[in-house]
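Attaching a single structure in structure tokens format; questions to follow.
By letter and in written order, the chains are A, B, C and D; residue numbering begins at 1 in each of them.
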Amino acid sequence: MIVALIIIGVLILGSAAAAMLRRNLIHSALLLVASWTGVAAFYLWAGAEFLAFAQILVYAGAISMVVLFAVLLTRQSRDAELPVEPATVTRTASAFAVTASLAAVIGAAVSTARFPASAAEAPSATVKEIGLDLMQEHGAALLIVGIILTVALIGATVIASTDKKRDPEDAP
Amino acid sequence: MTPLHLCLLISTALFCIGLFGALARSNTILVLLGIELMLNAANINFIAFWRYGPSHGAANGMIFVLFSIAVAAAEAAVGLALIIAVYRHQKNIRLQEATVLKG
Amino acid sequence: MTLPVQLLWLIPALPLLVAGIGALTRHRGVALAAIFAMAGSFALSCLALAGALQDPSVHATYNFAWFDLGHGALRLGFLLDPLTALMTTMVTFVGTLIFIFSLGYMKEDKNFSRFFCFLSLFAAAMLGLLVANSLLLLFVCWELVGLASYLLIGFWFHKPSAAAAAKKAFITTRIGDLGFLLGLLWLADSTGSLLFYDGGQGVLEATALASLSGQTLACGLALSTAIGLLIFCGAVGKSGQFPLHVWLPDAMEGPTPVSALIHAATMVAAGVFLVARVYPLMSADALLAAVPVHALTVVAFIGAITALMGALIACAQNDIKRILAFSTVSQLGYMMLALGVGSSTAAIFHLLTHAFFKALLFLGAGSVIHAAHHEQDIRQLGGLRTKMKVTFATFAIGMMALSGVPFLFSGFWSKEAILHAAHEWDVSHLPLYAGLCAVVLTAFYMTRLVAETFFGKPRSHGAEHAHENSAVMTAPLVILAVCAVLLGFLGTPYWPWLQKTLDPHYEATHGGLGLMLLSIGLVGAGLGLGWALYGRKLRTTAAARDPLDTAAPAVMAVLADRLGFDELYAATVGRLNSATAAFADFLDRYVIGGLVTFLAQLGIFSGGVNRQVDEANLNGGFDAVSESVRGSGLFYSRKQTGETHGYLRVVAVAFVLLALVLALGGVR
Amino acid sequence: MKCLLSTLILTPWVGTLLLALTPRLSPKVSRSVALLFSLSTLGFAALAWSGFDPAAPGYQFVEQHAWIKLLNVSYHLGLDGMSLALVALTGLIAPTALLASWKLERDPRLFNLLFLFLQGAALGVFLALNFFPWFICWELSLVPAFFLIKLWGGPGASRAAYQFVVYTIGGSAFMLLAFAALFAATGTFDFVELAALARDGGLASAIPAPALGAIFLGVLLGLAVKVPLFPFHTWLPSAYSEAPTGASMFLTGIMSKMGVYGFLRILWPLFPAQLHAAAPVLLALALAGVVLGAFAAMAQTDLKRMVAYSSINHVSYCLLALFAVAGASSLNADASTAALSGALLQMFNHGLSASALFFCVGILENRSGGKRGLLDFGGVRTAAPVFAGFCGVALFSSLGLPGLNGFVGEFLVFRGVFGLAPWTAAIGCLGLFATAFFLLTFWQRVFHGPQSPAVAAGFRDLSTQEIVTLVPTVTLMFVLGVYPQLLVSLFNPLVTAWAVHLP
């Protein structure tokens, strides 16, 4: 079990770290798909099969496609790849410092924490249960999320669509 | 070192990787993806505590993650649309150049 | 057949109708319509005269309400008595002749129809004035007559001198009219009526007169004297009496028929008519002994001064129309003198005869001027006796009538009546002497006029080529000449028909033979002197000096300058007028306007002070607070760099700190 | 007939609204619409005239509805002979002024809109019997007048408009304060009730004499500026001369009457004792207006200013009559009746003749390209005989020539004033003289003599449309000069009653 978890962890973290460090955006995107798939594997490992499928569908399927489209749509020419600036170095350094300190704090906190013992068996979570739960206890939230999604999609369409009237003004 | 600890460490690491990406990279898409990673890290935490948490029965952790995924999807859609709009405006997607909204 | 008083309004209405038509159309037929209307009015006047003569002592009236006023109404009316009837007959008759004369005189003028429109308006107003039974209606027509006179003097308005003369005439007469208006107001206020005869309630009837002469003012005058003198002011203005005579000579700028009709025969006589009409009022104070002055005394002296002054100035004029104009002034003075000395019948007699012979003289002058291509200076004329026989003959008749050549001519009889009355006046004989002097002068200047104009050789191109005018112009001259002769026989001392008609109580006085002989002698002296100076040695060139001018240049210069009245008025009244205007304008622009501006500036200034105070004290504290708010806002807004990385970094650091706090503090 | 007076006031305002809502209207249509709405006043006035009974006491066609209960304000309209004459005058002058502005190039729709608004406000002033609606209309009339002067006026229009409005508002501020004080003491804004209170002494017992005097002064100030009474008149020449022709006609024809109307409707009935006490001073001021106004006109070289000053002179006659009546020490009913009838006639007559004169000067100004100096013209009569005829009639009407309307009013005024204050009338005659002098100077310089360059360059005679504008006014001048009964019959019973009851 632990071994499987470690392998999954390495997959997740490795691909994620690689994705964040690559210069090529396409590579980053593909590596992220790997990382999300790893997360899905983790869900499977933890016994939440439904979530694992949802993760695969949404992240590895949908979001990654959108990301790829965005990357392709905003492709820049080669000369736009600027050389490393002092500002970039400072930014990277400060980001590393912040990240490291956060990792240190949370890592220390987590590793020193004591948790009560738990059941060895995974709690049951069939699709039917989840469905009932969603529809009964969290019906309102479900509706709201639906609305949020709808609004977000319409908003995204509006934002990304070419505004014919405003174009001439925006043009430099 | 229980499996819970391991899960939490993995999630911490993932969160930090996402944070680092968001803070260090200048490409807006990568910043957005870093934020997605942080969300995933949070989701891992939910599942880990659902699996190894003290109380059973309630599927709250899972439900939470479900909603989180939905919100992440919405966020990704809007965020990427914004990125395209910004690109159309300034012909690149370097975040440090998008400072039109400064006070 | 007679004209009832109810229909008396028809007499002025006929010309008024033509005037109205003439205002709307420019058709030349207006002239004929005007002549027919005038002739119609003449016929009606004859009918009215016939009615009035049936019983001369009756004042037939017809009164009607003009408009409601309070519980009663303002009433106007018409009056038919011999005075009215004689005057209307004279005006319409002379008017008709002058209208006919104008047909020829104005033939070439491009405003031909307009001329007849104005003439008709004048005739209507003049006739309205004559038939009025209300001082208000009389005043209304009086002003309209003035308007017509104004329009006709300024008929050739493109000439600045004509326009100025018209204005001068209107303004000068209006000064007198203001006195008239005040008298009228006073009369209305003290009697409550303005009707002359109203069945015992009129202002000229015994009740009102007794009440008016019974009241004494603070200055000692009787009320009737004061009112009478104020009304007389109007007559002074209109009849060109001293001191308001200055407009009449200038009025000769108008076309000559206008001068004949308005400024010789009719309108200027309206003042005399007015005094004669309100004669009961003027003489109401006659029996009062304690008053400082009687109204009629003033009238007599004004008349005497005017008669003498007009005759004097006439001797030094060279313009044919001006000489006649000053002669008119002088003759009007005679009439006023007659009124003043108590003989209104003599005044009206002279008014009637004068109307005919002076109209004749003016039309004769017009005939000369028309023939001589608008040459009016007698020094430039001459020799017209042979060229214009009819004009010369009629003019000579007019001249002899005016001079008072005995027995045959009307002027002699009317003048005798006046001198006789002046002789009988017991207040003073000064007016008589003035009148006698004027007799000599009149004969003298008329001889000069005739000698210079008709005898000798033509002295200008215009006189050279003069020839007799058409019958339309000479016929009126002949008719007028006949009348100028015949009219005198209506009022001779041996058959005083006119006097008896006008005044049923008239009694012919005898014993004036000595005076008559004296005046005949004076006329002869005047004629002889004139002929001696101007007739024996006729002028040969236009530039030759006048014999009188050679003898007494200073006196003649003053007389030629009309005794300097125009200059005097320009220096006093005119200057006072413009000074008052300038003062009013100054007061308005600088004093009151300045005050207003000052107040406004004061308001603006205090507003400024207020604002300063506010800003220093009240706003100070508030400003400090808002400034600090603004400063902090600025500070934080500078933190808003728009750098998303910066925001993220802050969030991350905060997150680290939060985590640190949670970790150190423990979950629990 | 029930809401006749409201209809009368509101119809021009409906026209305003209509024009305001149709911004794309062509100038031609907007002019016709405005003229139609403006003429409605004449129609309704005729209707009111036909149903009006001059002999009946009090107000007719009364409309009274509670409006603001808290302040005891009611919507109270009523008509008597004086109001009817003025409403008829408005109905006559306003369309004439609109016709006179027919050729206006710049934004005719806005001009007509403002004009109709002004007309409605003026009608409101003449018909309201409660201070509240009355004052609203009184002040509302300033707004369009301001814009009419400022936007369409001559080169100095802006300053003149400001001066006019600020001065008038300054005056009416005092009036508002005075009425607030009156309300505080009596609890009513109604003119009829207040007049009744004043008659039976309720006002004097409710308010101590000094305070009542101060209130009187406040109201007096507000009205005196509007008329204007002598020392408060300096806004007038510049406002009248800078305003566009149509507005000048309305200002002089109607707005100056609002002030005189206020004197007769408000000041006199409400404060008879105070007016009586102040009459000697006021009489002197009115006399100064008569005499100095005329002499100041004589000193002007700008024709419009000259006519404006003559306007001061003419409205001062009305006040002269009123003050003489109010200040009379003993009852002289004949003279009082004559003076008041004269004042009312003079209001109407001055409306006719002054607006016609302003129109004529406007034509001169228009034809010569903006010149209006006395010396810029000459010989106009040869170039434009018809125009000269009409202008001459207007001049002589203004001069008070008998046979035209001006004489009757002035004669009655003098007849009355002479009976009540003889010396005033005697001195006032100077004004008559000066008026004749400057009007004839005007006539002589402009119409007579040789043609000036401005005239010789081609001075068109009146167009048909201009003749149509002038004919009603000029015809009325003749009609009223010969048959004043037409107008006098309207208010004779009213004036007769005033002469006996009020002093």
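Of note:
Following the convention adopted for this analysis, contacts are C-beta pairs under 8 Å (C-beta built on N, C-alpha and C of every residue); 3 or more make two chains touch, one makes a residue touch a chain.
Keep in mind it's a predicted model, so treat the numbers as computed, not measured.
Compared on C-beta pairs in contact, A-B and C-D come out with A-B as the pair having more.
Centre to centre, using the average C-alpha position, chain A and chain B are separated by 5 Å. If each chain is reduced to the centroid of its CA atoms, chain C and chain D end up 32 Å from each other. Distance between chain centres (mean CA atoms), chain A to chain D: 85 Å.
As a whole-number value, the distance joining the C-alpha centres of chain A and chain C reads 114 Å. Shown for chain D are the residues that touch two or more other chains, of which there are none. Multi-chain contact residues of chain C (touching two or more other chains) are listed as 645, 649, 652. In chain A, the residues touching two or more other chains are 91, 94-95, 98-99, 102, 106.
Taken as a graph of touching chains, this assembly has some other topology, since it is neither a line, a ring, a star nor fully connected. Taken together, the chain C residues at the contact with chain D in this complex read 23, 66-71, 136, 139-141, 143-144, 147, 154, 157-160, 162-164, 166-167, 170-171, 174-175, 178, 181-182, 185-186, 188-189, 192, 577-578, 580-585, 587-588, 592-593, 595-596, 600.
Residues 2-10, 12-21, 23-27, 29-30, 33-34, 36-37, 40, 43-44, 47-48, 50-54, 56-57, 59, 62-63, 65-67, 69-78, 80-85, 87-89, 92-93, 96 of chain B are the ones that touch chain A when the two sit in their complex.
Across the complex, chain A meets chain C through its residues 91, 94-95, 98-99, 101-102, 105-106, 108-109.
Within the complex formed with chain A, the chain C residues making contact are 645, 649, 652-653, 655-656, 659-660, 662-663. Interface of chain A with chain B (complex): residues 1-2, 5-6, 8-9, 12-13, 16-17, 19-20, 25, 28-29, 32, 35-36, 39, 42-43, 46-48, 50-51, 54-55, 58-59, 62-63, 66-67, 69-71, 73-74, 76, 80, 87-88, 91-92, 94-96, 98-100, 102-103, 106-107, 110-111, 113, 115-116, 118-119, 122-123, 125, 129-130, 133-134, 137-138, 141, 145, 148-149, 151-153, 155-157, 159-160, 162, 170.
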